[in-house]
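Okay, so chain A shows up in both of these, paired with chain B first and chain C after.
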Partner chain A sequence: MINTTDTNTRPSSGILTMMGLNRRQRTIITTAVIGILLLSIILGGLLLSNERITTNLEARNQAPSFSHPFGTDWLGRDMLTRTIKGLTLSIFVGLIAAAISTIIALVLGIAAATMGNRVDTIVTWLVDLFMSIPHLVALILIAVALGGGMRGVVIGVALTHWPSLTRVVRGEVLQLRSTEYVQISRRMGKSRWWIAAQHIVPHLIPQMLVGLVLLFSHAILHEASITFLGFGLSPHQPAIGIILSESMRYLSVGMWWLAFFPGLSLLIIVRLFDILGDNLRKLMDPYNAHS
Partner chain B sequence: MQTKDLISFMIKKSIRIATLLVALCLISFLLIYMSPIDPVQAYIGADMMRVGQEQRARIAEHWGLDRPPLQQFMKWAASVVKGDFGTSMIYRRPVLEVIGKRFASSLVLMGAAWLLSGLLGFILGVLAAMKEGTWVDRLVKWYCLTLASTPTFWVGLLLLIVFAVWLGWFPIGLGVPAGVLAEALTVGQYIKHLILPAITLSIIGVANVALHTRQKLLDVLSSDYVLFARARGEKGIVLFWRHGLRNIAIPAITLQFTSFSELFGGAVLAEQVFSYPGLGQTTVQAGLRGDVPLLLGIVIFSALFVFTGNLIADLIYVLVDPRIRQGGAL
Partner chain C sequence: MSQKGDDFVKMFKRIGTFVLVLAVFATLLTGCAKEDSHSNADGDSVREELILAIGSEPDDGFDPTTGWGRYGSPLFQSTLLKRDNDLNIVNDLAKGYELSEDGLVWTVSLREDVKFSDGVALTAEDVVYTYEAAAASGSVIDLNVLDRVEAKDEYTVSFTLKQPQSTFVNILAVTGIVPKHAHGADYAEKPIGSGPFKFVQWDKGQQLIVETNPEYYGDKPFFKKITFLFMSEDLAFAAAKTGSVDIASIPHSFGTQAVTGMRLEAIESVDNRGIMFPFVPAGEKTASGAAIGNDVTSDPAIRKAINIAVDRKALVKGVLEGFGTPAYTVSDGLPWWNPDTVIADGRAEEAKEILTEAGWIDTNNDGILEKNGLKAEFVLVYPSSDQTRQSLAIATADMIKPLGINIIAEGKSWDEIANMMYSNAVLFGWGSHDPLEMYNLYHSKTAGEGYYNTGYYANPTVDSYMDQALAATTEEEANAYWQNAQWDGETGFSSLGDAPWSWLVNLKHLYLVNEKLEIGSQKIQPHGHGWPITDSIVEWRWKE
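What follows is the complex of A and B.
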């Protein structure tokens, strides 16, 4: 996983600086703008009618134009509509998978750090096990075992993204456990559950939220990859991976727009989620907020 | 003392790898066992209509498919330990032979990409850190973060559009030109087919190495000994050469070795885009067409590949870094 903690670059920070806003206010505004943008894409994908992606042979193989900004494919389907619908589907798959992964990471991470040495050994061993084969090979294996399709992709992505976050949670809890206020609580006779609920979980919630958003972008990329390879969603569904793998047959005749725009849209979405995660981390980290 | 430490380190590592491998075999086997793939049907393939019920039952019996899963696993594991991974159903050849042949061509691709991404990433990271806060730094960071969110196969498609379709410099896909036998391929033709996939594959690795190298070098540059060196008037390349390079080279090299997992995954995608006949493409074929022995073989092989990378990284730390070699607790 790429470490993105050290970024100080924010989009449009120049204009916002000129408006006399401080760093925290700028971060809040960028985060809100990104959130609205992502929401509008999801809404767009849900609300757009299927009319523009039905076969329309009169308008096939058209290069990008005003009425079809992303061009049309060999069946005359509007690529912009297909792309937005594909992105919506990807975002949903990513959201479900990332949420499941985050929950697994939370449970295993806390268990490893609080339930003694034996559990810790088992959890670290499990993390090592999942990290021991290439991510994509694990995804293929799980997708094949479940017979492909939407279910295979979601379960595959969900079951392979928790190890790195589990390590983070485990480290965090171990650190929290040795803090003075937790030690004092224990000496004062508070139960394990009380300490976990009052002292540990509140610290983990922001971590989890950030972890969820950052896992999300990985999950979307892996969903697209596995679908591109042919293990994922069925060809009838408008997924970005399907669009890109279909486009390969038409690249040699020069229909570049079939691959260019859908891929670029995916890249922008993933990048937006990354920035969103980074901003959330900055907003939630009290040491960083006012600097 | 030193060799004794090394030996105990190696023994501990080997035990850990062995337990992980055994578990991996068991889990993969059970996953495939649960899958809707019918091994008999996968084996017979297109001749399905001509094979009677009785004959199918006999094939199943021959392979022991009628026995409980744990017994099947023990039988399979016993032959795997002896080095027999079974026969690939697609290629009708021993699995190990198929993997060996395909891996050889993947190795060229992965090796080229690995070196390229390591060098490029290191140089970019060093440039960014030495020019911290300037436009060079911002550009490198922006480039790396954008690359990290880019789908590999899409980069491959873009390269294909620009360099193969528009400029016509490179062939479109296929590891071997049409009508030419694989054996008759000249080195020149081979390299021509290698360049685009290798560039695609190297692009993923660059971001990781560059960002880590940048961070490490920034840490080094803020140390007391660099402050002292600066006070004596050292700067620029001389400063980097004397104080920076040695401190950041080992982390960068070990990071490169621990990236074998992503390298393998990237190769699967890059080979699929460029129809490069390597192990990655074979993985996809084995998965799509339900070639169970081959898929299981590749899973285990890929795990060994990743372990090798991690082990080399650990060994470099132990053997090369004088601070760790001299031993003692930190």
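What follows is the complex of A and C.
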């Protein structure tokens, strides 16, 4: 689930290399740029007024133009505004879901690594179980069982995205427990809490952060997918999945812009989060950080 | 009322239909080729088969005693009476009927030459059996008023009612007669009847195949075999584009597209959409614990202001692409409709005056009016699966906003709506060839009964007009009372009177029809897109 991207294939890296920056500096700059971009979308979604998405029946079904770069829908609402608002909602839902998922992963991972064999077996079995079910199927089942809506989606996404990160956390903790300094601390009579706080948590935070960001893109994509399929957010919410599923009805009438721009925007956002996560990992990973 | 959809099942159905469409295309491609060579060989090019994609499949099968045939022709069965193209009641199985002076006993004499498709004669016994079975099934057919039904002799049936009900004639016109000897557990899946067509095959979720019934007593249909495909409207549109269906029912958003080889038929309907306002103030609860009433919409000024401010023509043009008509009541254009209820709308200034007079003033300059600390704000729910209703809800909310009334449009599932509909405005759709629907929607007796009168509307004058309409012994007399119930010059349930609803539009039902296919004249269609077109199926033929 974690995509490794070679830094050199990134489009921006060419220019940045020419500017004589080393790989670490380049990564920091791309990360910052992406961060600002994502932040501005969120701010845009929050600050844009609703004026442009009130119905304007005179201006309905307009192809992309200068005043409506993404066109308008069948009620004359500006698609650019709807898309940005939709993305913001998706990012928001993704953030909550990914955060919950990360916490679940952290708790289960640590539990598996520290609470003995039986717990370890159960957690590993759970991880295997969840990884063997396709994400989307589990997600639909959970969301439907919870009655759909915002709550269904958030819990559904949260409950399906923890397994791989749990594995990483469990491995990390197991490895840390066998390191010499942890063994020494234990021999010196430090309490379990002290060891956890001083030695283990600092190593886990970077893993968590990276995991969170990488989960994020999945969460957004899956939120949009199940909303698109009709099991997610309600149609009066300005979610990107809603926009896409609504547009399906109009594709055969030739209104391609209803699906194209929102879809493309979603793709770009997800890809940006992916790159962001990869970069964070590179910056924090001791083996990569100084190259 | 639209059916509650189980989204999950729907998705699988959709996938199923998609596969089916592919299969149909494939067989048609090969089939057409074969047919061409065949017609070249013996010069007979007249196709006597039709393929229709006109709507969703009836979930409960084809048993009239559980509701089949309420919309459109029952195909397999025939009814005692029927409505002609001008909506007059005419005989079908009946030779005639009489109503006793007290309005209680309906006596129907039957044709003596009618046989079911299995060759057995249809007699009064079958009619009695059908109505008894329908009454016992407790289904959508409301036979509460029926006290008993008896066979007077082999071809005469009498229905005795508990109290007079002039609309009973409509039940006689929509209930197909089933054979007593062959009405078993699997009847709904393998119907036998005396209608123009006989059942051949039903593949659930896919198709229904019917053939002409050789025993049919009326005019023989021109087409020997008809296949009904059950597919979504988008797929039906795609199928129409490739020319693989002869009639496709399509949503209005596709209506602007020209399709070669097909013509567009936009058929008038009373398939209406409107906003139901809770009529009483909040406070009470239903037996199941749902809240009743709404403090904002219970103010007549709010309801009247919305009624005259909304621009219905703009909704028809903008949301329905022009395929509709403005709606003023639940029964526009039907014999029991009162034409005085047509109002001039789009009058925002007057609406504002009404609101100001009633004490709604924007005291805190947030663009929303207040009265005694109450904000002019309410939720309007619509079924989230229905895009037309969604568009109407959003467009109306935006239209009303400049008045200072904040309508919050929310999409919900039917299950959620069933819980919210007593205390929130709902975007409902109705429209029937039976005036009893008016009674159900507006009579104080039906308050809180299912989807009827969910706003708890009550007006004693309206109640008494409608009671009189039911008690009337002729349709003319009844219609006069129905019209008074809408508006008698002083009060009524239309927007001139109490305005418990704001009707918005009547949809036109759109069908893409094979250019060469003649489908006869169509009566104003009721609620329920698709099947109503089959009403005239016996008249269909190829154009010369």
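We take it that the second predicted complex is superposed on the first by the 283 of 291 C-alpha atoms of A that agree within 3 Å, B and C clash if a C-alpha of one lies under 4 Å from a C-alpha of the other, contacts with A are read in each partner's own complex, and residues count from 1 in each chain.
We adopt the following convention: a contact is a pair of C-beta atoms (placed from the backbone, for glycine too) under 8 Å apart; a residue touches a chain by one contact, two chains touch by 3 or more.
Computed from a prediction, not measured in an experiment: that's the story for all the values here.
Could you say whether A:Pro235 touches chain B, chain C, both of them, or neither, answering first, second, both or neither?
The second partner, chain C, only.
Looking at the overlay, what does A:Trp74 touch: chain B (first), chain C (second), both, or neither?
Once the two structures are laid over each other on A, A:Trp74 reaches chain C alone.
May I ask you to name which of chain B and chain C touches more residues of chain A?
For chain A, the partner with the higher number of touched residues is B.
Have a look at where A:Ile100 lands relative to chain B and chain C in the superposition and call it first, second, both or neither.
neither
After the superposition on A, what does A:Arg249 contact: first (chain B), second (chain C), both or neither?
Only chain C is touched by A:Arg249; chain B is not.
With both complexes superposed on chain A, which partner does A:Val182 reach: first (chain B), second (chain C), both or neither?
Once the two structures are laid over each other on A, A:Val182 reaches no partner at all.
Going by the contact rule set out at the top, does A:Asp274 touch chain B (first), chain C (second), both, or neither?
Only chain B is touched by A:Asp274; chain C is not.
Quick one: is A:Leu215 in contact with chain B, with chain C, with both, or with neither? Answer first, second, both or neither.
neither
Classify the contacts of A:Ser225 with the two partner chains as first (chain B alone), second (chain C alone), both, or neither.
first
So which positions on chain A get touched by both chain B and chain C?
144, 229-231, 248, 252, 254
Under the stated contact criterion, what part of chain A meets chain B in this complex?
Against chain B, chain A makes touches at 2-4, 6-7, 9, 125, 128-129, 131-137, 140-147, 217, 221, 224-225, 228-231, 244, 247-248, 251-252, 254, 256, 259-260, 263, 266-267, 270-271, 273-274.
So in the complex, which bits of chain C are touching chain A?
7-8, 10-11, 234, 237-238, 251, 253-254, 256-257, 314-315, 317-319, 384-385, 387, 390-391, 394-395, 398-399, 401, 409-413
Sort out for me which residues of chain B touch chain A in the complex.
Per the stated touch rule, the residues are 16, 19-20, 23-24, 27-28, 31-32, 34-37, 138, 141-142, 144-146, 148-154, 157-158, 160-161, 165-166, 172, 207-208, 211-212, 215, 260-262, 264-265, 268-269, 272-273, 283-284, 287-288, 290, 295, 298-299, 302-303, 305-307.
Per the contact definition, I'd like the list of chain A residues that touch chain C in the complex.
Residue positions touching the partner: 54-55, 57-58, 60, 74-76, 144, 148, 229-231, 234-236, 246, 248-250, 252-254.
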